[in-house]
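The structure appears right after this line, and notes come after that.
For reference, chains read A, B, C and D in written order, and residue numbers begin at 1 within each chain.
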Amino acid sequence: MVDNSKPSPSDNAIEVRQLRKEFGVLKAVDGVSFDLKHGEFLSIFGPNGAGKTTLIKILTGLTRPSSGTARVAGYEVEEGIPAMRREIGVISHSSALYADLTPLENLIFFGKMYGLEHPQESAQTALEDVGLAPRRHDRVRTFSRGMLQRLSIARAILHEPSILFLDEPFTGLDIHASNVLKEHLQTLHNKKRTILMTTHDVSCGLEMCDKVALQVMGQFAFFEDIKDIVKENFETLYFDAVRNNQFTMGIRPH
Amino acid sequence: MNPDAVEEKQEEGNILVWLTGFGLLMAMIGIFIYVPTERTEGVIQRIMYFHVPCAWLSFFAFFVVFICSILFLWKKDREWDIYAHASAGIGVVFCSLVLITGPIWARPIWGAWWVWDARLTSTLILWLIYVAYLMLRAQSDAGSMRARYAAVLGIVGFLNIPFIHFSVLWWRTFHPQPKVITNEGIGKGMDPSMLATLGLSLFAFTLLYFLLMGERVRQEKLKDEIDRLKREKLYSS
Amino acid sequence: MNLFLSQVSAIVWKDFVTELKTRELFSAMFIFALLVILIFIFSVNLSIVKASEVGPGILWVAFLFSGTLGLNRSFVLEKENGCLMGLMLAPADRTAIYFGKLISNLVFLSIMELFILPLFMIFFNIDLIEYLLPLLLVIFLGTLGFCALGTLLSSLASNLKTREIMLPILLYPLLVPIVIGVVRMTGQILAGEPLSGMMNWIGLTASFDIIYIGVSIMTIDHILEE
Amino acid sequence: MDNLGFLFAANVCVWGGIVFYVYTLKQRNRALEKDLDLLKETLSKER
């Protein structure tokens, strides 16, 4: 699927305006606004508990924002409409795969859930794409972390989403597996898929992205084009933010 | 909150405290001095004048939980969550009092502490449901998940009441038939003085409910405020 | 609508494929139900009590206990590896997930009950054959109510730290009406009474089923939310 | 028929229960208020 096959009111894949998620005293996301164009790759950095995961959960329709709006692939996420979910794929540190089923069965199941016309064939091709076709009849339980992550990529892009969300995808991967993941991301990026990724890994995150954001205490302290960023300066800023866990709005790394 | 509003609130609270105290005192006088002793059951029948209000109060409290749960799922406002929580706690306390006074009455009248009578049984089941509700709240961390789950249970639990009522009623019943509302109309089965005392007692207990609600809600709000400040402190240091 | 049905059937299919591979759920439920019946037989003196009087109660306690085991297990499978999140990300209505899980719970439990019934017949020396149809109707009504509420509450309890303990604590008090109803009806059926004599109980259990499926449809959105 | 003992017991339970509940509520609120004041004080000092 090409990213603009569906009539979209703007050329932004993701539009976020004053997004807030709070409950009582907890403020997970506190007034975030940004735009992401089709085909762009955004890396969001931030210390633990900064609200990165909550942001992704709102954008993927898993949870409702308290206020503000977010449009993903032209759909208002607050409506939680199923059509929006067809346009997005999600990869997180948990694989979302049934351990007692085989990779093929897993993918067929998710293909059916997404209403694909030929779940069987799509599952086969997806397995070949990630190089797991030889093991398609083994139980997922026997898979290594790296293989699981590859299968989880296959699951996330099975329905050919135009936007991909990755929530700390490198956590717990060895060097080889994370290289494989990077390759896949590069391919997807080259295919003009919109990608939003949260990560702790500065070099990995800065390597591929077009836009960089730093989220601290629920707010975007920083949202810049990769061209305007000096890597070393950003690293210091990021580590400062993690150490102080402080809202550092207004500090520019250049 | 500005200081004026706080003061005003406190004043209102004080009026409620005095009113409740006065109401309870009057009810006590009614129960022990004014009302005549019932012919068949004797002096023990006087338990009824606070047994029934306790039951009414706990039932009313559970109804408030139900309403606040619906409003919470609709509005997603922490306020409703606090009300539901506070009301469930008060309801369980008074439901426990019903379960204690019931057997004390039953022992001399029926000759047994516990009889599997319809109303006693339904009260016990109701008590179990709302204890489970409070346990659910205690088991999960503060946040919207806890509030949503509790709200769902608050709704599911209250809708269970008619089912409990009929199933237990058809199962068996020994309880004295309600005397206040009989087929002949309201209040026909009782002496006017008894009815007045019961009414007074019901009124005083209802006031007591609102008094307790105020305190409980304030407690939750204080906890929230402390949480908020602690969080602020954590991030600013 | 078509997609909705195919999603529901996909969830049921997935649960069945898993079960055919592992055979964990069914065997555990069956053996557990059998053990409950045995323990009751040892704790009740059958030479004093009439088997047809205690039988229905024992049968239903066995169904409920092993059913709870099944409910717990079924949502633990969904929580493992964050599968439930994967399901929630799919373009499916939350009610599709609820119905999928409801149907697979219902079918597993029903199969287990069908296996237990002949054993019950033998152990208690009760002839069930002549009452089979009304008995199956009552068992279906009871099991449906159990699964309707159980699926809702187990999806709720699965996010708690102490889910195995909390599920029965939340579920059993709410199930009291239906337990009283089905045990009564089973007893009356075994005593040879016709179904028409217990219309009030049938009405009660049926409306319990309908109301709780309705409530689940309305509230499942708030439970299946991160 | 002398059931005064039972009546007395029931009264002790109800009124004792209510008084105890009100007392613990008040006590808890007072403790929380104290905590809150303390927190506010330390926060304002830090600033």
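The definition used in the following text is that a contact is a pair of C-beta atoms (placed from the backbone, for glycine too) under 8 Å apart; a residue touches a chain by one contact, two chains touch by 3 or more.
Quick caveat: nothing in here was measured; it's all calculated off a predicted structure.
Visitor: Counting one step per pair of touching chains, how few steps separate chain A from chain D?
Guide: Minimal hop count between chain A and chain D: 2.
Visitor: By Cα centroids, which chain is closest to the centre of the whole protein?
Guide: C
Visitor: Please tell me the distance, in whole Å, between the geometric centres of chain A and chain C computed from their C-alpha atoms.
Guide: Roughly 39 Å, centre to centre.
Visitor: Based only on mean CA positions, could you tell me how far chain B sits from chain D in angstrom?
Guide: 17
Visitor: In whole angstrom, how far does the Cα centroid of chain A sit from the Cα centroid of chain B?
Guide: Using C-alpha averages as centres, the distance is 48 Å.
Visitor: Just how far, in Å, is the C-alpha centre of chain C from the one of chain B?
Guide: 33
Visitor: Would you please write down the residue numbers of chain A that are in contact with two or more other chains?
Guide: 63-64
Visitor: What positions in chain B touch 2 or more of the other chains?
Guide: 225, 236, in rising order.
Visitor: Going by the contact rule already set, what residues in chain C reach two or more other chains?
Guide: Within chain C, residues 225 contact more than one other chain.
Visitor: On the basis of the stated criterion, which chains touch which? Give every pair.
Guide: Touching chain pairs, listed by label, come out as A-B, A-C, B-C, B-D.
Visitor: Give every residue of chain B touching chain C within the complex, in rising order.
Guide: Checking each residue of chain B against chain C gives 73, 125, 128-129, 132, 135-136, 139-140, 145, 148-149, 151-153, 155-157, 159-160, 163-164, 166-168, 170-171.
Visitor: Within their complex, state which residues of chain B touch chain D.
Guide: 42-44, 46-47, 50-51, 54, 93, 96-97, 100-101, 104-105, 107-108, 208, 212, 215-216, 218-219, 222-223, 225-226, 229-230, 232-233, 236-237
Visitor: Would you tell me which residues of chain B are touching chain A in their complex?
Guide: Interface residues on chain B, with respect to chain A: 76, 78, 81, 142-144, 147, 224-225, 227-228, 231, 235-236.
Visitor: Can you list the chain A residues touching chain C in their complex?
Guide: Counting only chain A, the residues touching chain C are 57, 60-64, 82-86, 88, 90, 92, 94-101, 105, 109-110, 112-115, 139, 155.
Visitor: Going by the contact rule at the top, pick out the chain D residues touching chain B in the complex.
Guide: Its residues touching chain B are 1-4, 6-7, 9-11, 13-14, 17-18, 21-22, 25-26, 28-29, 32-33, 35-36, 39-40, 42-43, 46.
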